[in-house]
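What follows are several structures.
Across the two complexes that follow, subunit A remains constant while its partner is subunit B and subsequently subunit C.
The block that comes next holds the complex of A and B.
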């Protein structure tokens, strides 16, 4: 038995143990501890298995069936190993964080059992080597996450409606994936990935399957227009569940797209690349616009996921397009950028959602307009959230920066090889993509300045925020690990990038080396990034300067004198501060046509005079344009059909018996004719 | 001797089966319908016994005794017990008696037409009588869709089942003992379940009108 096989069998055993402990341990407290540790071990087994597979370990488990098709084999390759590691690391963090969630719904039997099933399904999707086992674990993952959300429906009424959206969109994704694989299997006559990969990418079946699979995997990766479940579901989920869904599950969608573009149908036509890029660009822009105006912290993070996944797909699409143009170096760099984005997004988004979970636990409040001042009350959470927010805003020394830097380099170097324009399509698409990324990065910066600044800085805007306290140690540990991952991957990109480069072979062979202090040297496009050296140099310059400033400040202590006239500033109240809504107000005005906000201003006058205002109530809400313009009409149509169908299906037993009777009579009459 | 009487006996039994079925459509009283069902059970048992005597198989005779016990006695007894507990023992069907009897006539004609096509190659006496079984199935179905009370539904279901049994006995010369035993037990079980269900309905709504059962609850 190879280590990979042992690792996968270990995951099966740990799943059984975790489900058993979730169902059998009677006390909620102990159930959380035992099941949480077992879930963390399950995810840790995934990390180890994936890491062995990523470094070249092999092993195969065959699921015995009596079905007439290719055997169901679980055998992760390097790419599968990579995704398994990423997903499982988030799983470990989420499980540890979940131990501390004292809320009854989060500690229920259903919640812990389905958490284990969810993690297990996610970890084994990348191990599948054929369509049937892929879809099997895909569905296990979806069912696990649905049941996990369902565990919370008793506490909040809105969960039910969010779940309906989630289930419907999950099934829609599943349908697209199933249909896409069915087309491929029909064209090649096999269900194993090796058999599917024999199809010629230029054939019409390949294109049809590609579009279907892109829609299916895009739905799981929360891309526009299949993202509508995200802003509904993630705010309803507790922090660790949202972290597992938004930090880990979306990567399975990315893995699916990588499977298509790297494994099954490499060298696809140029329009595939353009399509993926367009989908990614629209998602990135739309996601970050919605995030920048959202005032619910979890909604903000949810939309930010759409943005990041959009960037991942933008990189993937650029890689497909550039490969078609024989700009191999840039294509490889773009693919690496997509993988880097995926890894860094998993790290910072999991940390951000865990941070939001910690805030929700301490304040029971997710509306940024009512938070504030948490930095001094929850220093650990604030620090971790801040580091992750830096990553989400793609600022230097974080993993997000490395990823976006690589993507921009690939795009900038992509449209020319050796000074020659490679094709008209890419010389139009690449600058446009650079512009999209620039706008996205700017808006992301604004968004996360808002998320961190409004929630953790300034003065508390409500009593709950004032009374907030730091979360227990078991919840702080995953937060800190997550933050360290964000910074660590940003400081040491060299080894990470080499591992990613080894994962996409043999179809792609990116030439990257570790250089300097764990910096990265992408030789395909001749660019070098060495953050650690940069930081060390900056420290050499800055440390003496800072020391000098501090010393001089010590010598001349500043005098604090009360202001003679402060214009009201001496009695600063929390309500005088910027809120999330007012911070985003300029953006809402600029992008009025896209966001279509609804504003409601209500002025109450003092009884005696119309010139004196007692209070002003302002409410602003931004609806999802795609939902109101696209989904609502479709749903309305379905509703009308449903009303018609209800006339035939009115619930009367006599009616149904009559249908059977008439059918029987018709059959008899037809037979006797 | 028996060979000459055999066609008449088969005709007598199947005639009784059809007549009882038609009368059940005509009568409104539940207790009367149950008595008719009991008569039908006896007729079915007699039919099986006649077929068994003609074929000279002891196993078929045992089956006929089983049919007599289950369909002629046990099931009507259970139904009568249930019906006496209800306050309403008469039925207000959706079809008036005249229209009901006309429909029965039409269904019988239809089953003869169908059977003449399906069994055109078979010229045996029992195959000639097979349309009766088909007619009983259709009449049972008619009872199911026109009656409101849960008890009447049960009667319709049992007529339907008797029809299936009649067709089986007439066309294939009887079913194996084990199969018949299984089917009888199934029917008995269904009746007991529906009996309990009707009792629950009566407790909940005060009657057993299944028109009340229209909404699903979770």
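The block that comes next holds the complex of A and C.
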């Protein structure tokens, strides 16, 4: 038995143990501890298995069936190993956090059992080597996550509606994936991925399958317009579940897209690349725009996931387009950028959602307008959230920065090879893509300055925020590990990129090397980045500044005053600070046409005077335009059809008998013709 | 490698001394043109000295951000002075003056300033911070696209190589593509450094403030770092702009006379551009905040035109 086989069998055994402990341990507190540890072990087994597969370890488990098709084999390749590692690391963090944070409903038997099932399904999707086992574990993953979300249905009314959206959208994705694979299987006559890969990418079946699979996997990766479930579902999920869904599950969608573009149908036509890029660009812009105006912390993070996945697909699309133009160096760099974005997103988004979970546990409040001043009350959470927010805003020296840098470099170097313009399509697409990324990055900056600044700085805006306390150690540990991952992956891009480059082999062989201490040298496009040297440089520059501060501080210590400038008046009340809503107000005005906010201002006057105002009540809400303009009409149409059908089917036996009679007549007439 | 480090160090020292002088000259020119006596070109220096010798005061609910933010802004601006090709274009080992890295180092300063504005917990700080970040978000596409356009003739996004290309091939500088890109870049830099017509650096009316509103609650050395950091950023970006427009005088091979020429050239160019800027500002009024996006959209259109034209025409 090879280590990979042992690892996969270990995951099966740990799944059984975790489910058993979730069902059998009677006390909720001990159930959280035992099941949480077993879930963490299950995920840790995934990390080890994936790491071995990523470094070239092989092994196969065959699921015996009596069905007449290719055998169901689980055997992760390097790419599968990479995704398994990413997903499982998030799983470990989420499980550890869950030990401390799971309470009442989220510590129930169902919740912990389905958490284990969810993690297990997610970890084994990338191991599948044929359509049937892929879809099997895909559905196990969906089932686990759905049951997990159900946990809070008894206490909150909104959960049920969120869950309906989630199930419907999951099944829609599943339908697209199934249809796409069915087209491929029909054209090639096999169900194993090796058989599917024999199809010519230029054929019409390949294009049809590509569009269907892109829609299916895009839905799982929360891309526009299939993202509508995200802002409903993730805010209802507890922090650790949201972290596992948004940090890990979306990567399965990305894996699916990679499977199509790297393994099954590499070297597809150029319009595939343009299509993926367009889908990614729209998702990135729309996601970050919605995130930047959101006031609920979890909604903000949920929309930001759409943005990040949009960037991943933008990179993937650029790599397909550039490969068609024979700009191989830039195409490889774009593919690496997509992988880097996926890895870094998993690290920072998991940490951000865990941070949001910690805030929710301490304050029971997710509305940023009612938070504030948490930095001094929850220093560990604030530090971890801050580091992850830097990653989400793609600032140095985080993994998010390395990923966006690589993507921009790939795009800038993509339109010309040796001074020659490669194609008109790419010379229009690349500048537009750079502009989209730049605007996205700018808005992400604003979004995360808002998220961190409003929640953790300034003065508390409510009693709950004033009374907030730091979370217990078991919840702080995953937060800190997550923050260290965000910074660490950003400091060591060289080894990371080399590992990613090996994962897309042997189909593609990006030429990257480690340079300096741990910097990355992308030789295909001739660019280098060494974050550690930048940190050293910054430290050198900082030394004289710090010396000046120390000397100055000894003579002139900082005085703390309850009444600093405040515009010359008395200290304003905390309510008069800027809130998240007011912070995004200029942006709402600028993007009025896209966001279409509804604003309701109610002015109450004093007594009879028109000139004196007693109270002003302002209410503003931004709805999801795609939901109101696209899904609502479709749902309305379905509803109208339902009403019509109900009129035909009113339950009267006479009417059914006359239907049968008419049907019989029609059949007889048709036969006699 | 040693000459490159020496030049970087020289740039750092030069700009720390030069940037307050630049501000002093700009203020003095403006004062004279407006018929005022002005406070002399050394006043910014005296301001910094005065601020460092004062006790900083902070509000009781504010956090470490009020002290760390100004230092972060200062360090990010100092790094700009080290990395940009100002005196010379000698590349530092492992840290080329990569456009995207430069922009993100600058953004660290932007974010630090915005967080300082929020930390004070007052309405003005938050207002300034919100407007500042909105402008920063909208400027970024223009900024990146403009330098993308400039990078195409050189085939690299490393700024020192771009400057060298323009030095060797001056025809590039007056090509329509380059002119479009330079106009777009100039507007982006005005917005980034909080100058007219986007922000009024000498305003005393709180409702029109962007930059000033964020630093209202800072005092003592914290305020000194914020001011010095902003001045350094202005000087470094003006230095970059002037080296892109007039690359002559920039040191490309290390030699002692070359260093002196490089120092003199960049000082003269920056002061000249600064004077031109402040003369221009006398005749400009601040744009209404909600007209700023239109201005930036215009400059974005120029930058996009520059990029696509350089692919499709050239």
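By our rule, the second predicted complex is superposed on the first by the 630 of 673 C-alpha atoms of A that agree within 3 Å, B and C clash if a C-alpha of one lies under 4 Å from a C-alpha of the other, contacts with A are read in each partner's own complex, and residues count from 1 in each chain.
Here is the rule we use: a contact is a pair of C-beta atoms (placed from the backbone, for glycine too) under 8 Å apart; a residue touches a chain by one contact, two chains touch by 3 or more.
In this text, all values refer to a predicted model and were calculated from it rather than measured experimentally.
In the superposed model, A:459 lies in contact with subunit C only, and not with subunit B. In the superposition on chain A, A:672 makes contact with subunit B only, not with subunit C.
Between subunit B and subunit C, C contacts the larger number of subunit A residues.
By the touch criterion defined above, A:515 reaches subunit C but does not reach subunit B. When the shared chain is aligned, subunit B comes close enough to touch A:658, but subunit C does not. Contacts of A:396 after superposition on the shared chain: subunit C is touched, whereas subunit B is not. Judged by the touch definition given at the top, the superposed model places A:573 against neither subunit B nor subunit C. In the superposition on chain A, no residue of subunit A contacts both subunit B and subunit C. Here subunit C touches subunit A in the complex through residues 12, 52-63, 65, 67, 71, 74-75, 78-79, 82, 94-96, 98, 100-101, 104-105, 107-108, 110-111, 114-115, 118-127, 129-131, 133-134, 136-141, 143-145, 148, 151-152, 155-157, 206, 216-217, 219-221, 225, 289-290, 293, 300, 304, 307-308, 311-312, going by the rule given at the top. Contacts from subunit A toward subunit B in the complex involve residues 650-654, 657-658, 660-661, 664-665, 668-669, 671-672. Residues 292, 372-373, 375-376, 393-396, 401, 404-405, 408-409, 412, 415-416, 419, 421, 424, 427-428, 431-432, 434-435, 437-439, 441-443, 445-446, 449-450, 452-454, 457-459, 515-516, 519, 526-530, 533-534, 537-538, 541-542, 545-546, 548-549, 552-553, 555-562, 564-567, 571-572, 574, 576-578, 582-587, 589-590 of subunit A are the ones that touch subunit C when the two sit in their complex.
Taken together, the subunit B residues at the contact with subunit A in this complex read 94, 110-111, 113-114, 116-118, 138, 141-142, 144-145, 210-211, 213-216.
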